[in-house]
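Below is the structure I would like to discuss, written out as structure tokens.
Per-chain residue numbering starts at 1, and chain names A, B, C, D, E and F are given in the order in which the chains are listed.
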Amino acid sequence: MIYNILAFFDNRKPFEQASAHCDIPCKIYDPISAQLAVLTMIRMVDLLDELKTNESLSFEQQATFNRLVSEKETHGKQVKEDIRAIWGDYIKQPQLDSHPELHKLTHEIMLAASAAKQKIDRAVTLSLLNKVNRFAEIFWQTKGVAVYQGTCPYPPTEILVYPDLKA
Amino acid sequence: MIYNILAFFDNRKPFEQASAHCDIPCKIYDPISAQLAVLTMIRMVDLLDELKTNESLSFEQQATFNRLVSEKETHGKQVKEDIRAIWGDYIKQPQLDSHPELHKLTHEIMLAASAAKQKIDRAVTLSLLNKVNRFAEIFWQTKGVAVYQGTCPYPPTEILVYPDLKA
Amino acid sequence: MIYNILAFFDNRKPFEQASAHCDIPCKIYDPISAQLAVLTMIRMVDLLDELKTNESLSFEQQATFNRLVSEKETHGKQVKEDIRAIWGDYIKQPQLDSHPELHKLTHEIMLAASAAKQKIDRAVTLSLLNKVNRFAEIFWQTKGVAVYQGTCPYPPTEILVYPDLKA
Amino acid sequence: MIYNILAFFDNRKPFEQASAHCDIPCKIYDPISAQLAVLTMIRMVDLLDELKTNESLSFEQQATFNRLVSEKETHGKQVKEDIRAIWGDYIKQPQLDSHPELHKLTHEIMLAASAAKQKIDRAVTLSLLNKVNRFAEIFWQTKGVAVYQGTCPYPPTEILVYPDLKA
Amino acid sequence: MIYNILAFFDNRKPFEQASAHCDIPCKIYDPISAQLAVLTMIRMVDLLDELKTNESLSFEQQATFNRLVSEKETHGKQVKEDIRAIWGDYIKQPQLDSHPELHKLTHEIMLAASAAKQKIDRAVTLSLLNKVNRFAEIFWQTKGVAVYQGTCPYPPTEILVYPDLKA
Amino acid sequence: MIYNILAFFDNRKPFEQASAHCDIPCKIYDPISAQLAVLTMIRMVDLLDELKTNESLSFEQQATFNRLVSEKETHGKQVKEDIRAIWGDYIKQPQLDSHPELHKLTHEIMLAASAAKQKIDRAVTLSLLNKVNRFAEIFWQTKGVAVYQGTCPYPPTEILVYPDLKA
């Protein structure tokens, strides 16, 4: 019953199964954060496009422009981080064997997120969403969870791949 | 066509409707981040409880203990931030009128998140999840979106309130 | 004298009193950080207004505009975080009983901070300061500490509610 | 009235005076943040010393130990950042001329903050507070603001140098 | 000479070449940050191993243990971020064509960094360094810069791949 | 072999030598991060100057302007942090004795970094680089490591002081 911090010979490995899956290990991965981040980028593009319809911008609108660009940037970084985390922590050999496109798809998401950050372009950002949705689809497939396509219940009302968790 | 940053007399308010809802304004709010953060806290408690079954901890297990406690802490802060953002940015008078318990519920979530951070206690953390699920339920109700209860497709396989987006 | 990490039967609760007050528990709360953050927002508005007097902005002034807007944004987030921390960690039932307006006031501070972030408007930001000062006044009252109104010793030289700690 | 971002010949320098003082320039500097951070370090040491009186630590107390150490660390970094900001942004030649000890004092604060981070030692952390209080005293002197010594109205009830803003 | 923010027909693309390389676009990529982060992880392992030689740990040594584990964790995240940034922002089709192993190598670095975070194991962390050094070697090759192997001039005095910039 | 967290009588000081050098203590200091941060600032100035050659900016170019200014700002903060860390953690009395200019040089770097943040000026930013290179030169001298001047292998192709680690 004594706490022995120097018990190096301990052979039990309580986390063995868990450590096959994640970084803590915790096993909680969900592409929804990345998907929400892309939606936010699209929303920022839409608001920027709305702003662009003005003939001129007031000082305050210029500040709004800055905040929109900055939020788009932040969420672009978020997409990269979230996808990197799933790809780099959860995706292992078994998932690569069943979905050999994962390396290429992940890399394409990185490049697409860069493009979406550098531009104010709905089509470019939507193309990022498509790739992230495809990533989500594969992810849920590796977990044996069915998916469906649903329209997100807020602007920009784009289609997301959701896990189907209804019994 | 000239960009006039000093056009303060500009009376058009392209964001008027939007600014009734959020901070950018962006309208993208989703309690799922807060829900995932609580799930992660529960998962950390489960892994800590698993660790507790050891008679003694090796140096490496002690480091694991630290990482679990630290992740639990981080996600406890996340819950508070995410709920505060929805309550403080999205919830306005109309939502308070239809759901007068929102102030009290939000405050209880803060206290419950503190308790879940200070303790390693599944019941305490589950109680936080219940409150956050209730918050999610109200949130989707204010958006006119139906919800369902589903078991999250990863450990700790607890029940979450999800929006029902399937047509 | 042996360190027993598995001593779950331990009934002593050395932090009981402390845990009634904060998140570590640490008991060190001070609204001054939130107050300084609002002052900074007002200062940014003043510098932006000064910038607005120019007929045109040089490239460098445009960069200054960006830095001012970005600092205002950052401190707007800070206000929300700081007030949320005191309200969500320190304010408990006894404080709510003696000051029933605390939920409403805290929520109003969130909305006012959003408004101050979205606009470049001295009156709006000053209104945020008034609410935060009122929050500080109540806070010190719950601690039994007298307060006084003093002019902050730097721009924007607005009035803050300070604790009176002089014997 | 036209916004001309390319007006490089613009000779007006609206911020000249301001830029003599700070980084935005904003002129809002206050050592109170650094002082509060040291107080928090002392408080963490006190709570750690309280924890040390236990013959053994439960799992939960071990987690508390971790949180206390982590908060102490965080606030140690904060002290360094806050003092560096005032010294590196606000302190210029005039202040150095009137207070030639500022370089040495600032450097000593850095070393003392390192020591306070590395140890769990009240005397070491109190020595850091003394240096930070001395820094605050000089700071207010450079602003022509009188100071007084007051006991902070929360644990660890140590003496701080406060500006005297009461008319 | 007028600043026209609505000049959407503008066909000049001053950043075209640059945008082929990075995210701002800025072209400044250097694997040295990732390499230093791994060195720090190795150093933390060495200090942890040193700590392990004690028969028992004092309260303060236990705090040191926590700080070492926490720094190791932080730098493990840093490695992942830094390598992801170069791979996801700089590596494009030409680099993939000349070095087809880049996807696999990057993914292996992610898994190795996870392992180095989860364990306190010099061999595991050294294996991460080898992969990161290999990544650096390829990186400099794609830039046409010669490299050499040098011993880093501080503990843990391991070998790094450095660019050879001496004329 | 028992882990005794309360062993305060422990007289062995395994980190004594190490604690003379750094904050963990870890001994890994390298001015390269600060040098890369200044290079990035210069690069941003160059890209901003390139942008300035346009008669007018499109919406997207305006967003690029924002991202460049924001990156310049971020790296300006980084320079300050990195230099402060070496000066405040590593530089002790022996280094001050052999290089008495260190306090003044460090302070000048802070002021120069502020100037480089506030302006879009290549000469100002280059002057910051010179000071940081001088700092690096002294730093390597205190470690007994020879240095050489090399042109950094990416834009802005400026000269850096590098350690000479080739046997």
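Throughout what follows, contacts are C-beta pairs under 8 Å (C-beta built on N, C-alpha and C of every residue); 3 or more make two chains touch, one makes a residue touch a chain.
Bear in mind the structure is a predicted one, so any value in this text is a computation, not a measurement.
> Among the remaining chains, which ones contact both chain E and chain F?
Common neighbours, chain E/chain F: A, D.
> Taking all residue numbers at the chain B to chain E contact, is the shared part over half or under half, that is, same or different?
Chain B and chain E contact each other through largely non-matching residue numbers.
> Comparing the two chain pairs, does A-C have more C-beta contacts than A-E, or is it the other way round?
Looking at A-E and A-C side by side, A-E shows more C-beta contacts.
> I need the pair from A-F, B-D or E-F whose contacts repeat those of C-D. Over half of the residue-number contact pairs should coincide.
The same interface as C-D is formed by E-F.
> Please tell me the distance, in whole Å, between the geometric centres of chain C and chain F computed from their C-alpha atoms.
About 32 Å separates the centre of chain C from that of chain F.
> Using Cα averages as centroids, what's the distance between chain A and chain D in whole Å?
38
> So how far apart, in whole Å, are chain B and chain C when each is placed at the average of its C-alpha atoms?
Result: the chain centres lie 22 Å from each other.
> Among the residues of chain C, which are close enough to touch at least two other chains?
1-6, 24-25, 52, 55, 57, 59, 62, 64, 66-67, 70, 117-118
> Are the chains arranged, by touching, as a line, ring, star, complete graph, or other?
Contact map by chain: other.
> Mind giving me all the chain pairs that touch?
All chain pairs meeting the touch criterion are A-B, A-C, A-E, A-F, B-C, B-D, B-E, C-D, C-F, D-E, D-F, E-F.
> Taking the complex as given, what residues does chain D use to touch chain E?
Counting only chain D, the residues touching chain E are 2-6, 48, 52, 65-66, 69-70, 73, 117-121.
> Could you please specify the touching residues of chain C with respect to chain D in the complex?
By the definition above, chain C touches chain D via 1-8, 10, 12, 14-15, 18, 24-30, 32-33, 36, 39-40, 43-44, 47, 50-51, 53-59, 61-62, 64, 67-68, 71, 140, 143, 145, 148, 150-155, 160, 162-167.
> In the complex formed with chain E, which residues of chain A make contact?
5-6, 8, 19, 22-25, 52, 55, 57, 80-81, 84, 87-89, 91-92, 103-104, 107, 110-111, 113-114, 117-118
> Which part of chain D faces chain B closely enough to touch in the complex?
Residues in contact with chain B: 1-3, 59-60, 62-64, 66-67, 70.
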